[in-house]
Amino acid sequence: MEKDNKAANNRVFEGDYVTIALDQKRKWVVRIEKGKELHTHKGVIDLGNIIGLEFGSRIKSSGGTVFYVFRHSLPEAIYKFKRATQIVYPKDYGLILIFGEVVPGSRVIEVGVGSGALTAVIATYVGPSGRVYGYEINEKNLKIAEKNLEKLGILDVVELKIKDATEGFDEKNIDTAIVDMGDPWEVIPKVYNILLGGGNIVVFVPTFNQIERVVQSLEENNFGFIRAVECLLRDIEVKRGAIRPSMRMIGHTGFIIHAKKLVKH
Amino acid sequence: MEKDNKAANNRVFEGDYVTIALDQKRKWVVRIEKGKELHTHKGVIDLGNIIGLEFGSRIKSSGGTVFYVFRHSLPEAIYKFKRATQIVYPKDYGLILIFGEVVPGSRVIEVGVGSGALTAVIATYVGPSGRVYGYEINEKNLKIAEKNLEKLGILDVVELKIKDATEGFDEKNIDTAIVDMGDPWEVIPKVYNILLGGGNIVVFVPTFNQIERVVQSLEENNFGFIRAVECLLRDIEVKRGAIRPSMRMIGHTGFIIHAKKLVKH
Amino acid sequence: MEKDNKAANNRVFEGDYVTIALDQKRKWVVRIEKGKELHTHKGVIDLGNIIGLEFGSRIKSSGGTVFYVFRHSLPEAIYKFKRATQIVYPKDYGLILIFGEVVPGSRVIEVGVGSGALTAVIATYVGPSGRVYGYEINEKNLKIAEKNLEKLGILDVVELKIKDATEGFDEKNIDTAIVDMGDPWEVIPKVYNILLGGGNIVVFVPTFNQIERVVQSLEENNFGFIRAVECLLRDIEVKRGAIRPSMRMIGHTGFIIHAKKLVKH
Amino acid sequence: MEKDNKAANNRVFEGDYVTIALDQKRKWVVRIEKGKELHTHKGVIDLGNIIGLEFGSRIKSSGGTVFYVFRHSLPEAIYKFKRATQIVYPKDYGLILIFGEVVPGSRVIEVGVGSGALTAVIATYVGPSGRVYGYEINEKNLKIAEKNLEKLGILDVVELKIKDATEGFDEKNIDTAIVDMGDPWEVIPKVYNILLGGGNIVVFVPTFNQIERVVQSLEENNFGFIRAVECLLRDIEVKRGAIRPSMRMIGHTGFIIHAKKLVKH
């Protein structure tokens, strides 16, 4: 029964945000409405015609080019986010999730919402029983983030606040804090206060100088089991007979620092 | 109220599996029972004394060495799994999760359960409303996997089966299939049949020759938007005044290939 | 005496090729002549005025911008080569030199001269007592290569030939063969014949499929001690207080395969 | 004529240092003497029997195992050096050579001889017309280095000195200075004084903190065009049908910093 619903629901409804894809690079996020059109350099697509199609179906533009329609999903959505700030990459947010032990039901603080990319990841994975409290000092960023998150339909587990986290948090008994700001050491003592014992902090910083100051602050504030890593992702070009790593590669985004709250005695 | 419960429950109960940690490298997974002891090279720990302690607390061994007690969580648990097969690493399973769009509520097929590491990750992230169907042909592996998963308390969302997936699956309307076996091309046509339109397949293989055959099979079986990547993780040593990348690094585990099911017309 | 000459000769003479540099990215290779000018977006430099200056000196353009004059040296020269083909990078040619045991006095065959980048490196390091025999089938490439090499003043140790190396070589008793062509397996049997016992072959190829065919050909043609590597170079941005790896990075150029000629018995 | 000599001389003479190789990992450096034996776990080799063999020839041990004899060459020799200190790797010394513009005829200062690995590389590539001045404060290291270099037959272009380079150098008009010591900033002002205008300094350091101090010192001492890089080498396993990167990889050795002496005005 539920399975049949799954199949029946695996299609485009009016009002959905979907991804229209030409290839790996050329994709569009659109809201499906009767009478609306998507204009591309390969012709026009009548969005009303997509209603009722199964995801994964192909559609032809006015010019006869084949496009595909996909569910609007996390990695693509983030890639297409309106950007107020540097966007975190899948290679990093997958690890942040894992190291931070962010799981369905977790209560997570995020400091530095930015464009909401990490917020989207956390909100997706804490699921309906979890909660994300997002702190941001820039009101313009927060509005962009809110709009980005709305398209993914995950705003109900997110509380966004314009607030300077260095002055403290409104919540307590938090499982995980994720910090993505320029001077994370300013907020680390406050994070200690609101984490559960053994709880996780994950900090994302681009420079080595920041690693050093973050580690010092973590050590001084009774965090332990500190680990810092960096992650490099390389695409492999899969043309048959000529498999090879891609020449294009991002050499650096940032370092992920993870630590656990030790209980004071 | 719920918050207060969170704090009240953030402590060790009899029967729990917990992690006892000396440092990043030396950790033990134990089941807490009165009268049981953990013997280490740094002295003996009376596990009964741990009951009621907050997670993140320190405990002293008979020899006076300080250990810490942590919740038995995913990455540590997997690292400590009894191993029937090569274990997948956090750098890879974070990405498999993300690329495969495995989210709370997903229904996922896993081909090649092995020691259950990926199964544990998927089961954790599909949450109580999701489901993992794990196929494995080696009965001994499956028993080890079952035991590993039991300690994490996630067996209720997992169905493990001794069955050769190349002969087909029992399920349909699956969101994501994750394939970790030596000859994944054998199972790709069957995976196509049971995935929802636009659904995801993620294949993990160690060699370039396998990439080539997997990509060929995906193309022949109406999968599209194929992408292959590899991920390198490097630890940064965080000794103050001497921050540097670690000399130790794993040079290769495997390649992650992702594709989407296109609907036939 | 010789030392004093070194200092006296460390200056710009008429007819020299020199490098004029604004910063790491913006450099020009010019031949110094009285009455000639270098036009840049930061003003004009009268090249006649540079004659007699010590290398490392600064010069001002008509617009008052400071430039520096440096000896026209290998890595910069290659970077500024007129390109008929993909240019090999320092990270790779340093290793090719080392693995190929190309040292002062070596007699080296190069198959696939292209724009002459590797030829320039080999010619520089075999020194006046060594010799490079460069084979190329494309006459246009060879002319570009010749011009590039002329500016470095190393043509006297190089013999460039328009000739298909798959038909055999004119030389014998060669220390090292360096092969940079699309189908290197075509030339490997001929390379075996002209190498000294224990001599080195180094092959540079971009794809995994080529690695496989090269290795097969090497094994079938009595080469041994085969090793294949890839090399990744990452720039570190050295702005004080914000040391970090560069976001820009080349993800792949090619693989370096090295083997030694085993004597048949 | 010279070619014929090359072939005639491509064989083992009494007194030569040669490499006896079983496979890529198991190699021995021995001096060939009549009546001497090499004892391995795969049997005994009578070294007298090797005299007159062509390099690349195979030899059988008393146990019937096949070994090969190769010329004692740079990368293998360094790998087999007696080690007083951490040994620099081919991936790094190839680049140091290239960035430092060390070419046949160069006059090079080396600060921090250690076990002589970099000294061996420099001495080999400056050739008979060049010169290396090696400074080392630890007498024991220097003796080990001397012995290592002797086996390569390159001591005639090397001057080793027990001397603290922070007190200044005996030479001037130097083309390139290569600095491999813990606190390179101590020696940078002295290096400036003895380099030719436009001359090169290359510094090798393991930590980010050192990069920062080196760059500051270079900037304060009128060096320019500063560039820092790191190099990662990965082996590819070339078993046919299963080509893949090696799991074993060195994650870090050090950073290479290069700069040029700017002339003061």
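As written, the chains take the letters A, B, C and D, and residue 1 is the first residue of each chain.
Keep this in mind: contacts are C-beta pairs under 8 Å (C-beta built on N, C-alpha and C of every residue); 3 or more make two chains touch, one makes a residue touch a chain.
Just so we're clear, the structure is a prediction, and the values are computed from it rather than from any experiment.
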item	value
Shared interface partners, meaning chains that touch chain B and chain C	A, D
Equivalent interface positions on chain A and chain C, same or different at half	same
Farthest chain relative to chain D (centres taken as mean CA coordinates)	A
Geometric centre distance via CA averages, chain B-chain A, whole Å	21
Separation of mean Cα positions, chain D and chain A [Å, integer]	47
Where chain A and chain C are represented by their mean Cα positions, the distance between them in whole Å	44
Shared-contact residues (touching 2 or more other chains) in chain B	208-209, 212, 230, 234-235, 243, 245
Chain A-touching residues of chain B, taken from the complex the two chains share	3-4, 6-7, 10, 21, 23-24, 54-58, 68-71, 73-75, 90-91, 93-95, 97-99, 101, 103-105, 107, 121, 124-125, 127-129, 171-173, 196-199, 208, 211-212, 215-216, 224-236, 238, 240, 243, 245, 255, 257, 260-263, 265
Interfacial residue positions of chain D with respect to chain B in the complex	206-209, 230, 234-235, 241-253
